[in-house]
């Protein structure tokens, strides 16, 4: 088997006395959809933060696509094909929805030290952005100021931004949260369609989505992976049931 | 440079620090905690001193003047809040800058129209007259001791109110999300008004206390305003403790710098050159300090987390 | 689709009409002033336009990038001192002194920006103030160049032996040309890819990092560009006043520049020009009228904030319906 | 006929506004006494506030020259303002009557036939103190001034005649509020005298704090532009007994002065300072010259010559012009007193210099 | 019959020039659990904001226990016993968990057992472990728990939950549904907006489906289950 696209070795992160990532090691296979689940406050978002470069780990290494990226800043990792979405919506509120996505496309389309040509007129950026918006179902909201979108629409925008970057590894932090029932279904379909063309690390509390999508699931509790395996194994694991799933996991 | 002198200068530095805190206290509340950029803090300080001049003229008693001036400063603060500030809470910081700058212009000039351009003053109350001998021929005025106590008391009071009371919690909450505070059943506007009035009163209090040792003149608040911002920023916006520590730090650094910088340069420079460089550096010292602190700690010494 | 600026949607017409009218009006000033035998108006307008250049440069970073430089006057001062000091050493050629002024201010911006841009918000305001003050105190201690009394230049810059600046009207048009150039350049920048990144960082730094931009580098470049523009304003100011003084760098001056930008309307560029005109003209007119002009001027500013949301620029170009 | 126009360039905002106010009130008093005329011509006064910003001063002075077409510019409190407006005014061949700032450049190399001072050359006021300290046999002095050009000039001026030991020179930052550190240094250095130049509010702070620390008991306080009628209303008793130097005091014994002080206090309700006297003399100077040329200001040479004569009864007594158009006059040691009417004022202690001219006159090319 | 706890009549509202609500009408009786359902961007949150006085209605009425409150400031409305768990949590980032809970605590439902910091911590043990942490430092789910706890601490008569289970672990969601059930039994009125339709069906008495700013379907749980077309018609894209 080829080397996993993402390898975490002995990752540690603590906030004062609170250990959030506890000597964590795991690997994500290229082309898979790997779900990361666990109770609230288990350290999932913090882990995504460390992988994406937003948070510096206290110890441990992160290898991405065969290279050690532990010391690279977030933007440099992103340029190597690592994109993420945020659990707490992180958009540019005074930009339109289209501009939000277009500026992300711009980051991966040559350099941005261009001072004179109007960016708004660059068809290549706008087209790519429009396509991403349509994928998530926001096509008719392209010209709306992102700050004026409804909560669920903002969540969709968040995904569109991540998609337009055409990453090799996509880190999704609760992409379904806040989106309605049917929008979630659409998103599941979208991700399903992407399967194989890129790798996805998915953090999600929506078990329907997780069990529908995941090739593999890791369960994080108190910063440690307590179980890892195929969806059915995880669903059956009593420890996971009691710590996290509750009744909902019941088949 | 004797040990006594160094000790006295350290003391002087600390007392300057407490004075700075006293002056910055009202701003710590309104800007630091409530997150409202109030450039008018300096003129409110000035107004406190001028009110004291007038009330002293009327009553001839420092303490009566103090109380009356505080009440007047409070009333004036509330009036300002009503007319100007309340419309700006949810505005951009720079809108607040522009409007409060307008207040500065108005009050600086208004004071000159009402009280004239010449510096004024009122004496130290007899009760607090006299000095404590520190060095031969050099005493420490008891009034300054009173000011230090006032500064410390203000610090403690502020700290308790902001960090230990529900009012403090609500103000901090309101600073980040007033709509939510309101939606949870608290009249945040009224609370802000009260806090603002209290801040104006604190500014006035500093002004009244400064009057007997400083010159009461139009524009006396402008330099103080910048100092107060420096204090708050070095301390970390929103942190009372930070502001207090920063005030002491600035007081110390400034005093020691003024006292010894030139002498230090004389050790390896010609006296003329030292006299040129030393004072120049000494005047920049608090700015150097601020740049230095912010270089290593971009959110001040005690950054308010979570903001 | 309009560029992602702070302007309300639908004001595209205003985007060109207001600045165009402004420039045309400014171009007519010397002729009108001479006809009315009020030559000094030309001088006043020259000074206003010089400040407008500095204000435009500030708006570029403040209005679009939320970098509130409270040491902006230092760049102006450095530009002025470059020209002043050169004159003290008998170097009058603008082809030499102007680039030196611009580069010197830009270099100072680059250096201080590199440190200042580690901070944000009010911290940024205060650290730029600190650097501004350091420049101020340094200039005040330059005894060889007049210290805080300032340095009188005994003439204006030349250009390879010709003296295009000597005549007040000619100099006026030079300044107007610089203003127009700076304005057009700034306008192009804010609509460009670069400008979009700057605005994006203002909106949400984390988001911009997460899509692959290094905000620090972009902000630093923007800061240096603004510094250079302000340096140009300084070089012009030295020529206009034939005098340079540390007071050009005082924090009050930086504050006034901010006031001009906010008064005119942040993030519009032509607002900065309007702000400079309104601020300095009102100051001139009111103070000529009464010694206590500030009791009128102060409340005027407050009224602008309360009732002309978004500054004078928006008041004129109000198109309704921004969120 | 057209009224004669006089532009007054004064600092009228910020803390130093009081100095500008004194000059203007003094000037205005004389004009009013003449029934709104000077030299027999109606006068229109245009006041400009320089805001203590040189480039503002410059714009405004252009307004005075080009819009108002003034015949004289009078006033100017601070030397950096004088720096800024000196060239435009003198080069437009308009007479500039300096009623305060006396920058050395313009007394020496940069002197101009269009500039006349009714005050002093900066150094001289400080020299008075140096000379006095020297004459009195003081052995050690501590010098304390703000860190700016005028402060450095004051130190140079003091040292010109003082030959004793200077135990320390301390330069504080401009606008300093708290002097505890400096006062402690003074106490530690134990000088016989402290010489200081602390204009405006800084001086008020220093004087109060000096007194409050009890230093007045062991150290003699010599000052320039620190203890005068602009600061005495604030320092009051704290300043009483402290020394200063001046070419004029309210109680200077001459008829012109008696009349001036009496009229001034009656009109404005406060005690005039040397600045007010300089403003008053500036008006007198213009009056004398305009009268001498019978109101005809077209012949600039004649006006200049008339000004040079200084043919008026100065409130400071003897007054004549040096070649550089700075006064040759007497200088006094003065001290602050509380007058019988409860007002505070400076009062002559002794004359230190007699008919004293400044040292820069020799560098001036005018004869 | 006494007036309903909350009744919204023909409410119109929006942001600036853009109208969002076009005649919303619904009611919540005392002790009743009612849901608002609808796709993203249909106006559910806008309805809540308008009810709470955070947005000024342009028309229609909002009555709390029969009294019209539209146009009143939010704190007045809240003081009548409305407790809000807002969309997007909106915890106070600079306050500690405990401060978040006590700062706005009140007793607006006299007679019932009062919520205290301890009882909130009992419901969400995770918050107990984070008592001294700042709101802004919490994980998304922890913030959500805090927002719920904060609303409970005002001891409201009507609890409004706008996507209150977003980002919560399945097991916690169950806790919350259980807790809401208990509150309902105590006579608390509850208005819920949530995407977990199936869980809501077990809890709620009546449902309103919102589309483009007005109610397009309403009925009780039984008729919701019976009318299979509802979901197809209004909740699918």
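A, B, C, D and E are the chain letters, set down in written order, and residue numbers restart from 1 in every chain.
Throughout what follows, a residue touches a chain if its C-beta (ideal position, glycine included) is under 8 Å from a C-beta of that chain, and two chains touch if they have at least 3 such contacts.
Protein identities per chain, from UniProt: A, E = ABC transporter ATP-binding protein; B, C = Branched-chain amino acid ABC transporter permease.
A quick note: this is a predicted structure, and the numbers were derived from the prediction, not measured.
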{"item": "Chains contacting each of chain A and chain D, listed by label", "value": "C"}
{"item": "By number of C-beta contact pairs, the top two chains", "value": "B-D"}
{"item": "Chain at maximum distance from chain B, centres defined as averaged CA atoms", "value": "A"}
{"item": "Separation of chain A from chain B, taking each centre as the mean of its C-alpha atoms, in whole Å", "value": "47"}
{"item": "Distance between chain centroids, defined by C-alpha means - chain A, chain E (Å)", "value": "29"}
{"item": "Separation of mean Cα positions, chain D and chain B [Å, integer]", "value": "34"}
{"item": "Mean-CA-position distance for chain C and chain A (Å)", "value": "43"}
{"item": "For chain C, residues that touch 2 or more chains besides their own", "value": "140-141, 143, 294, 323"}
{"item": "Contacts with two or more other chains, residues of chain D listed in rising order", "value": "12-13, 147, 174"}
{"item": "Sites on chain A at which at least two other chains make contact", "value": "148"}
{"item": "Touch list for chain D against partner chain C, complex", "value": "12-13, 47-49, 52-55, 58-60, 62-63, 65-67, 79-80, 83-84, 86-87, 103, 147-150, 152, 174"}
{"item": "Touching residues (chain side chain E, partner chain A) in the complex", "value": "15, 18, 38-42, 45, 87-88, 126, 130, 137-142, 144-145, 163, 166-174, 195, 197, 235-237"}
{"item": "Residues on chain B engaged by chain E in the complex (per definition of touch)", "value": "166, 169-170, 172-173, 175-177, 179-189, 238, 304-307"}
{"item": "Complex contacts: residues of chain C adjacent to chain A", "value": "1-4, 6, 9, 188-189, 191-197, 199-200, 203-204, 206-215, 218, 221, 323"}
{"item": "Parts of chain D lying in touch with chain B, wherever the complex brings them together", "value": "12-15, 17-18, 20-21, 147, 169-175, 177-178, 180-188, 190, 200-202, 204-205, 208-209, 212-215, 217-219, 230-231, 233-237, 270"}
